[in-house]
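Questions regarding the structure given below will be posed in turn.
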Amino acid sequence: MIATVLDLVNLNKSYGVLQATADLSLSVERGQIHALIGPNGAGKTTLINQIYGSEIPDSGCVFLNGENITGLSVPKRVRKGIGRSFQISNVLTEFAVIENAIIAEQARRDESFHFFRPAFSDQDLIAGAMIVLERVGLQKRSGDLVADLAHGERRLLELALALSGTPSMLLLDEPMAGAGFEETLHMTRVIDGMRDNVGILLVEHDMDAVFRLADVITVLVEGQIIASGKPDEIRANCEVLAAYLGDEE
Amino acid sequence: MTFTLLLEQIFNGLQSGVTLFLIAAGLTLILGVMNFVFLAHGAQVMIGAYAAASLISITGNFYVAALAAIPITFLCGYVLEYLLIRHLYQRDHMDQVLATFGLILFFNELIRIGFGPAALFSNLPPSLSGFVYILPDSPYPVYRLLVIGVGLVCAAGIYYLVTRTKIGAMVRAGASNESMAAALGVNIRLLRRFIFSAGACFAGIAGIMLGPLTAVEPGMGEPLLILSLVVIIIGGLGSVHGAFIAAVVVGIVDTLGRVVLPLLLRSVMEQSAADGAGPALASMMVYLLMTVVLVFKPTGLFPAKG
Amino acid sequence: MDLFKFLWTGVKEQQMLFGLLTGFALFPIYTAYADLPFWNDVAMRIMLLGMAAMGLNLILGYGGMVSFGHAAFVGIGAYCAGISQFYGLNNGWAHLGLSLGVCGILGLVISFLALRTSGIYFIMITLAFAQMLFFLFVSLEQYGGDDGMSINRADFMLFDLYNPLRLYYLIWSALLIISVILLFIVHSRFGVVLRAINNNESRVEALGLSPLRYKVTGYIISAMICGVAGTLFASWQEYVSPDIMHWSRSGELMIIIILGGLATLAGPLLGAVVFFILEELLPELLNLVAPSYAENWMIIFGPIMIFVVLFARGGLMGWVSRLAARRMSDHGVGQ
């Protein structure tokens, strides 16, 4: 069993003169929540995108469970075990909650390319989908259309879809964004409960949630890691806070 | 195959190329920058041709008629945008396709009612029906040379408009992005209407110039529309200079293909087989060119974005 | 209760589809009784148009891919019959097989080239390829070129097509089979992924599915269905010409779908009926008002389309399901 799930080695990515990721190396271990904080424009989402595969680094490698996945497409990486939630809710808005989960379930089982096997009426798929919905606490809303969900519930559904592929590495891009106090608490509990068999890379602006959840915190400024360590160490590191908060105000 | 014939065909290709560019220039902006699927652009060509043809029969003077027809086409575009098109910007592509397809049916039928289903032919004035010797022994029609000239002047004008003027900068900045344009202080509604009317106007000029060269008939615009779509696919969506290069290439390939290809085939295969395959292959040349471009550059030779 | 409503309208839609199919099955009895054999011909044309539109609807309505070139596949299907017969092969089943094969391969090539981009590019590229095929057949003089070629009805062995009723029920059976296949596909695992791609392509990618594979497959299936409609069309018309693959025919198929209702199973069939009625009715109406312009019915049809697009999204099926929803809430079911 390899303890390191995700390993980034010397990643570089620039847009013209703007260096979005500068020679960045980082690793995430199984069962660990690794939080990524930093001011806006520090390159957090760009980094997530390079791990996810929607952007390709100019140089450097991404290893997942010891395998180099740098050249793979998004769907291939997902099948290798990367799960992701997006900054802006990204779910199937014209379908019911359970239908979202069913499509995710059939994708996980790699049973999507069937032309005559029913999908939404298949008891086996429904059962699998319900398990995932229960993990985030959405089972009561399974019959509702996504369009009728509250903002926080959509975020939960998105989390459920990311979990459904039984990923070994989860990328969570601001899961609390736009959520109210209660929703943030619930979301924090849900994320806390997920950590067992996965590595989690969490980008989040809500510092309370970050310090409550994270095992390791990395501070990113202008595409570079300026500090990395246990929450207590980071909290003590005034320079970091200054850089971070100074830019934030 | 003589050199004279080849030269003449290249000039013919150039003439059809610049005409195609006039149609494609506005269309590539409407499709690429405004992200609006406008299929009735061919109808603008037809309107230009009919406006010129009827003005010739009224005034009896080709030059006056041709010049007077230009503002008419601009006005047509303006009114069309005001009455219908602006209500469709926020719709999805499917709606835009169907509504503008409905427009095509409407315009073609309107022309058929107004002018009859038969093709109109307009005669050139004596001053334009002569020949010029482009080489000592190869005469070439003056009018076609004039078309090439006017087309190139218009192309230069369009290029200047898009790359060097404030309007052009606004077009490039964000006719597609409402909030960005608003932030730049651009009146997006006026800008769109301008692009649209100017595009209609240039398509109209193409129609006016094509009048004496082709049959002016209902539905004449659609083959030209599809050919200019091919031009835009090759040149890259939203790219004016891409459209120019692609239009000239398409014009020359199409014209040369029809003349040269059958001759070439006849030299490598039997007469009967060549006579069968020649025209078929020639009619597909432009599309095969498009396919090759698509294989290697899916977004065209000069994609405007990215 | 929303899920219930969703299922209910789904059932309603299938009832509509099989209702229409039953109607077409019984129609010849009526025409025999009323002695209107001509109307069988009309019904066959409607069924064929509806069949092609159903094929297109799989990718246009369910998959969200605006293909503006599907008449080309209808034409290819028809020419598969015509050209085979030209070389002495008159077995209808062979024609169908050939048509499925050729349309499948062409569908694969065209969709692969067109789907590497999306949006407006897709529309333009499908239109351009259809125009290429149109010009190809216009310039193939040995197969009649512009004028087309007259052909005999194909030999379908069990079905003697010179008995008009046999041809009718051959077309009807094909329509039934295609309807059932589409019914399964739309609700299958493949079908829901296709619909999901239409809704949100990046979400489908995030689930680990490659959208291109599903889109290309959908396109191929829809091209093949149009090919079958074309092959049968050739036997019905006893004549094949490039006209059936003209770009405006592709537009007509789209109109039929939008009139009936996008992404519904019965919509295209219903749309074909309405399209036919408009085609017959508008000249009659014009004849009353302005007799000399009866031929120019398109002058009204064009604006009707614009009107439908602007104000009547969802087509007739949308109207039916809104009615159904209202009735349900009247009965207190949908609350």
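Should a chain be cited, it is by its letter among A, B and C, assigned in written order, with residues numbered from 1 in that chain.
As a working rule, a contact is a pair of C-beta atoms (placed from the backbone, for glycine too) under 8 Å apart; a residue touches a chain by one contact, two chains touch by 3 or more.
Bear in mind the structure is a predicted one, so any value in this text is a computation, not a measurement.
**Student:** Compared with chain A, which chain's mean CA position is the farthest off?
**Tutor:** B
**Student:** Name the most central chain, where centre means the mean of Cα atoms.
**Tutor:** C
**Student:** Counting in whole Å, what is the centre-to-centre distance of chain A and chain B, each centre being its mean C-alpha position?
**Tutor:** So the centroids are 49 Å from each other.
**Student:** Rounded to the nearest whole Å, what is the centre-to-centre distance of chain B and chain C, using the mean of the C-alpha atoms as each centre?
**Tutor:** Using C-alpha averages as centres, the distance is 32 Å.
**Student:** Could you state the distance in Å from the CA-based centre of chain A to that of chain C?
**Tutor:** Centres of chain A and chain C (C-alpha means) sit 43 Å apart.
**Student:** In their complex, what parts of chain C are in touch with chain A?
**Tutor:** 1-4, 6, 184-185, 187-193, 195-196, 199-200, 202-210, 213-214, 217
**Student:** Show which residues of chain A lie in contact with chain C when the two form their complex.
**Tutor:** Against chain C, chain A makes touches at 73-76, 78-79, 84, 86, 90-96, 98-99, 102-104, 106-108, 111-121, 143-145, 148, 161-162, 164-165.
**Student:** Within their complex, state which residues of chain C touch chain B.
**Tutor:** Listed in rising order, the residues of chain C that touch chain B are 60, 66, 68, 113, 116-117, 119-121, 123-125, 127-129, 131-132, 135-136, 138-142, 247-248, 251, 254-255, 258, 262, 293, 296, 298-299, 301-306, 308-310, 313.
**Student:** Residues of chain B touching chain C in their complex?
**Tutor:** 31-32, 35, 37, 84, 87-88, 91, 93-95, 97-99, 101-110, 112-113, 222-223, 226, 229-230, 232-233, 237, 275-276, 279-280, 282-284, 287-288, 290-291, 294-295, 298-299
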